[in-house]
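Two complexes come next, and they have one chain in common, chain A, joined by chain B in the first and chain C in the second.
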Partner chain A sequence: MQTIPDKNSPDQIRNDALFLGKIPSSPHIEESISVPLLEIRDLTIHFIVHRRVTGPNVVVHAADKVSLFVKRGETLGLVGESGSGKTTVGRGALRLIEPTSGEVFLNGQNILKVHTRKLRDMRRKMQMVFQDPADSLNPRFTCRQTLVDALSHACYGSQDILRKALDLLESVGLNPSDLDKYPHQFSGGQQQRIAIARALAFTPELLILDEPTASLDVSVKTQVTQLLRELQKKFNLSFILISHDLSNVKYMTNRVAVMYLGQIIEIGNTSDIFSKPMHPYTRVLIDSVPVPDPDQKRKRASLIGEIPSATEPPAGCRFHTRCPIRFEICDQKEPHLAKLANGHMVACHLVNSSSE
Partner chain B sequence: MDQVYPLKRPSIWHVIKVFMRRYDFEIYLLRRNPVTLLGLGIIVLVTLIAIFAPILAPYDPLALTSADRLMGPSAVHWMGTDDYGRDILSRVIYATRLDMVIATSAVSMAMFIGVILGAVAGFFGGIIGEVIMRILDVIQAFPAFILAMALAVSLGSGKMTIIYVVAFIMVPIFARLMRSEILSARGRGYIEAAHCMGASEMEIIFKQLIPNCITPILVQFALSMSYAILDAAALSFIGLGIRPPEAEWGSMVNAGVGYITSGQLWLSVFPGLVMAIAILGFNLLADGMRDVLDPKLRS
Partner chain C sequence: MSEPLLKVQDLKIHFSTFYGVAKAVDGISFEVQHGEALGLVGESGSGKSVTGMAILQLIQPPGKVVAGDIIFAGKSLVDYSEKEMQNVRGSKISMIFQNPRTCLNPVLTLGRQIDRVYLQHNNVTPAQASEHRLEMLSRVGIGDPIRFSNNYPHQVSGGMCQRAMIVMAIICEPQLVIADEPTTGLDVTIQRQIMELLAEMRERMNETQILITHDLGVVAETCHRIVVMYASRVMEVSPTRQLFNEPLHPYTIGLLNSIPRVDIDEQPTPLPGYVPNALNRPSGCPFHPRCSRAQERCQVEQPELVPVKDGRSAACFFVEK
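Moving on to the complex of A and B:
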């Protein structure tokens, strides 16, 4: 029995659009629909820390109803302090962590609905570059083995593999003589280059960069950042850059999403976010970026206290416990993301009330 | 150094040379660590004795010569003779062969099963992991040797019985070790990267996890060898393992026990001594193996 797909279901409309979009003679349609490369809708990831027989389980709200999208060739920054769920969202998008609920569409296909084999195929289109390069390379594999392993998963024939491995090495700026070294024989920057080369073996469309420069020296940091930008242009890659290095984010990204306690509280174009941040938390974050000018007076708007526990997020607006400008409604009603101009969205009662 | 090898089968020396070059760092480490080298030397010696037992043994280990009963160590019988006039040196040499076969087979079997069980339990966790670990808990809840005795009694005596019994009581050790190693390696970045590459779970376990977790397992292998020798000897000593005419360290010690008080020490002392040396060799090797096998020490 073949099930007839519902003509009006979102999946179907999306698939039709994709199909139409592939017809080269109708650029008009392609332009009008422009399906994002990756779209995350209401992604919720809860970790059960402690199961209780009576009463509700103790749950960490690592990500709550996160929605975002990434267009082809653009870079989306995901910022927030430690424990805000940035990495969880990145991993959830790849389904490295099984999300509690929500939808993740890659090229219009829901990655959370597909079965193992298809999932493996889809994952290859999105690769991840991890924070600690030493940890992300198998210590028992030489550089050659790492790349060959990746390339064989990318379905290259055995005669092409070595040539392709050398191509990859060259594109990340390493020498062919490095092929037979073990990871610990490389510097951190070189290790990260190998990790990037491994990710590129799949000719991915999206790279999820999980703080790719956080564990590197300052001098190497710039090199790796530069390399990533070059590769983005060369292969038309999309990036999700997970980072708390705001100056780097400002430099690298087209759009930024700010996360706090598992929720996106502000999202918009990088220029908008950095020039006119609307959410009080975003303001504090941006004010905390060091400015290389000793004469400039700094507005010292640092936050009081720690980020609250994600097992029991505060009621109402999650930021209200530390917000410098909170008022009555903040601890009662949860603000929703309100749209401003240019796709700028903010979840704050202050902004919502003034815009209404 | 540049040498052109003609297209024929490489000579044994060439193979050794290539092997030495491939493992020159391990060899260097061993040379810097004389105690480990001593352990390795003992084991190599014991293994060679085991392999070449028929050539090395001066007499038939089972030949009864009633005229030569209970002769002390001499130029003719280096370790003397036992109460049936059998040459003890020959019997010790054959016992080495038997005990090494038993210990190697038992520990290999335990390692093979334990590693797979532990890897599955560690990687998948959940109900599968719980079931595997609880079954192993049950095995470990019994005192190992008592369990071995009970099993040996129910399975009947013989070489295969000892191998199965010793392997059985050692599986939990390997499985636990493997599980804990896998648990700590499972969250490493390269495993997540392998998931991103679309590798299957079996591929991740066998290609990425097990090779990275195998070092402590190999160390445990060497340690377990000494326990296996002890267990096999102990089972034979109490009469549950190898049947009397066949030479085995434990049963030889047992055969000589009655003569210790009357001063004919050599019956028990020599097999006991050889066994102790073999065990010492495995323990020394186990100590030094970790250094040699750690890839981080290579440069």
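Moving on to the complex of A and C:
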């Protein structure tokens, strides 16, 4: 059973105000400015794959000792090739996957330690927008049903629900006349707007966006990213943007974490990462993005081979099998994340040795 | 100027559905010269893939080529019988499909699938085919061709599946290869490898390529000339450099401004509105509801694709000649 909050409780009043865009940010900001909204410490997620009866089980190292934080109102990008564990980290942060070890703090509270009911309350503060809206929206629900369903879980009374559903629609740029349409009657971009509206129904503080524009058309992509940025300002949201589209990440994020085979290999401010990437992998990743400018004949480093299997990550630095500038120590010793200026951190022996 | 390898003339492809006729391709024309890489760019639903399929006569009912001609090496493919087409497909024109996993046969090893194409078109023994296959596989940079050949599609990565598709497409050394979104769904690092491979194949085997994609970055780096499609029509045809430096059509301009870029710091401006539904295309110029320069004339009259300058053409009333 869910508790129905008192209409005049401070939380409810804040939610209402947030909905109407009256207050730009949480009133608790000042007191908790030093505590990041979300902090992940040493998050490790291993999947155990049961092989045949005879063989041993295989462990997939989807995420290994991932530490990161997200401040209020900022966007953190999680980038990497498929199989690098970025989605796993995103889901682990919401405890949609039970982590093997590590800690996840939301507003200073460890979500891995709380019991189910409390977790449900905390999940309202963090919502997820999935990659393909056609899959994540219920095809048998009209837009109204989708929003009403979410809003009723967000504990709104029946008399307020419709008003709030309309507010939500307006804030994502859809018309009230769209309320009674089914998902298939919308285009991909509009479907994603509904998915965003649904996530906003809970007045979350953190949105985890898992490739939110990957399935959208080129000309619609930017509309959705711009909408997300507007909503972020309006509701003071924090985002974790999981994406392999580096151009979009550059445009949307404040900070970026680059992942490779379940580990963060570089993290820092977006401008630093894109203007002076330190890790060879980050460099190749940025260089690999095709640029719509035929005059630009940059010398491009391309990467040989493919990302190794996460069941047996290479020893030492996990990137050493593909690294263009590896040297002796790389396949023996695992580099740790070393701090550079401005919160920029890199896990590479070459950088570590030159900075020491 | 020599005769182009492929000429598409006023092609119209319609799909009759329960809800009405969807004009997937509505009167498009373009040419592909020998040895050229042509980019066919457009958003989903613009008709670019259907055009590619039509060249190989692969349009299935309820779709139908209702008008127009496709002339390949001086002969009209539209008049070919199914049997004659089978001799063209794979040997003279071949196609690389977007999703290699769904296009490869899951119950055959990669080697057998590649051999089938070669055996179909060449009078050789299976042993000779297999020998030729191993040679081709090492040419596309596969380290262990024998082991690769013995794998089933699910045992290898997406990038490797795409390499198998590419080998199937080029094993008979066709004159024209149509690549339909060959790198979509692959990681950027693998995308780069596949793009390099396609460019290398073009140079080494003197292939002509049509690259169908929505990614302007990919065509900028690989193609000589670009055809921009929108809502079943060609909006602009232009050599690559001119298209990116000085786009003519308002759609091309809007599209270029709307994509975020990794190399510069400019903020993108999104194009307003949505791509129109294929069943319900706007009257007049299909782009007018989203166009900033649209006037009354655009709502009624459909602009033709007309030559502008320097071998460029555009379908807009307001492009200066």
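Quick note on the criterion: the second predicted complex is superposed on the first by the 317 of 356 C-alpha atoms of A that agree within 3 Å, B and C clash if a C-alpha of one lies under 4 Å from a C-alpha of the other, contacts with A are read in each partner's own complex, and residues count from 1 in each chain.
What we mean here is this: a residue touches a chain if its C-beta (ideal position, glycine included) is under 8 Å from a C-beta of that chain, and two chains touch if they have at least 3 such contacts.
No experiment lies behind these values; they were computed from the predicted model shown.
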- Task: Using the superposition on chain A described above, determine whether A:Arg120 touches chain B (first), chain C (second), both, or neither.
- Result: first
- Query: First (chain B), second (chain C), both or neither: which does A:Ile286 touch?
  - Reply: second
- Scan A:Asn175 for contacts with chain B and chain C and give back first, second, both or neither. neither
- Message: Looking at A:Met128, would you say it contacts chain B, chain C, both, or neither? Reply first, second, both or neither.
- Response: first
- Could you tell me if A:Ser101 is touching chain B, chain C, both of them or neither one (first, second, both, neither)? neither
- Message: Once chain A of both complexes is superposed, is A:Gln185 in touch with chain B (first), chain C (second), both, or neither?
- Response: first
- Query: Touching A:Asp295 in the superposition: chain B (first), chain C (second), both, neither?
  - Reply: second
- Touching A:Asp149 in the superposition: chain B (first), chain C (second), both, neither? first
- Message: Let me test your reading of the model: by the given contact rule, A:Leu137 touches which partner, first (chain B), second (chain C), both or neither?
- Response: first
- Message: With both structures fitted on chain A, tell me whether chain B or chain C touches more of chain A's residues.
- Response: C
- Query: For chain A, which residues lie in the overlap of the chain B contacts and the chain C contacts?
  - Reply: none
- Could you pull out which chain C residues touch chain A in their complex? 43-44, 157, 159-160, 187-193, 195-196, 214-218, 220-221, 240-241, 244-245, 254-256, 258-263, 267-272, 274-275, 290
- Message: Using the touch definition from the top, list the residues of chain A that touch chain C in their complex.
- Response: 81-82, 187, 189-190, 217-223, 225-226, 244, 246-248, 250-252, 274, 284-286, 288-296, 300, 302-303, 306-307
- Residue numbers on chain A that touch chain B, as the complex places them: 91, 94, 96, 120-121, 123-124, 126-128, 130-132, 135-140, 149-150, 153-154, 182, 184-185, 195, 198-199, 202
- Message: Per the contact definition, I'd like the list of chain B residues that touch chain A in the complex.
- Response: 188-190, 192-193, 195-200, 207-208, 211-212, 295-296, 298-299
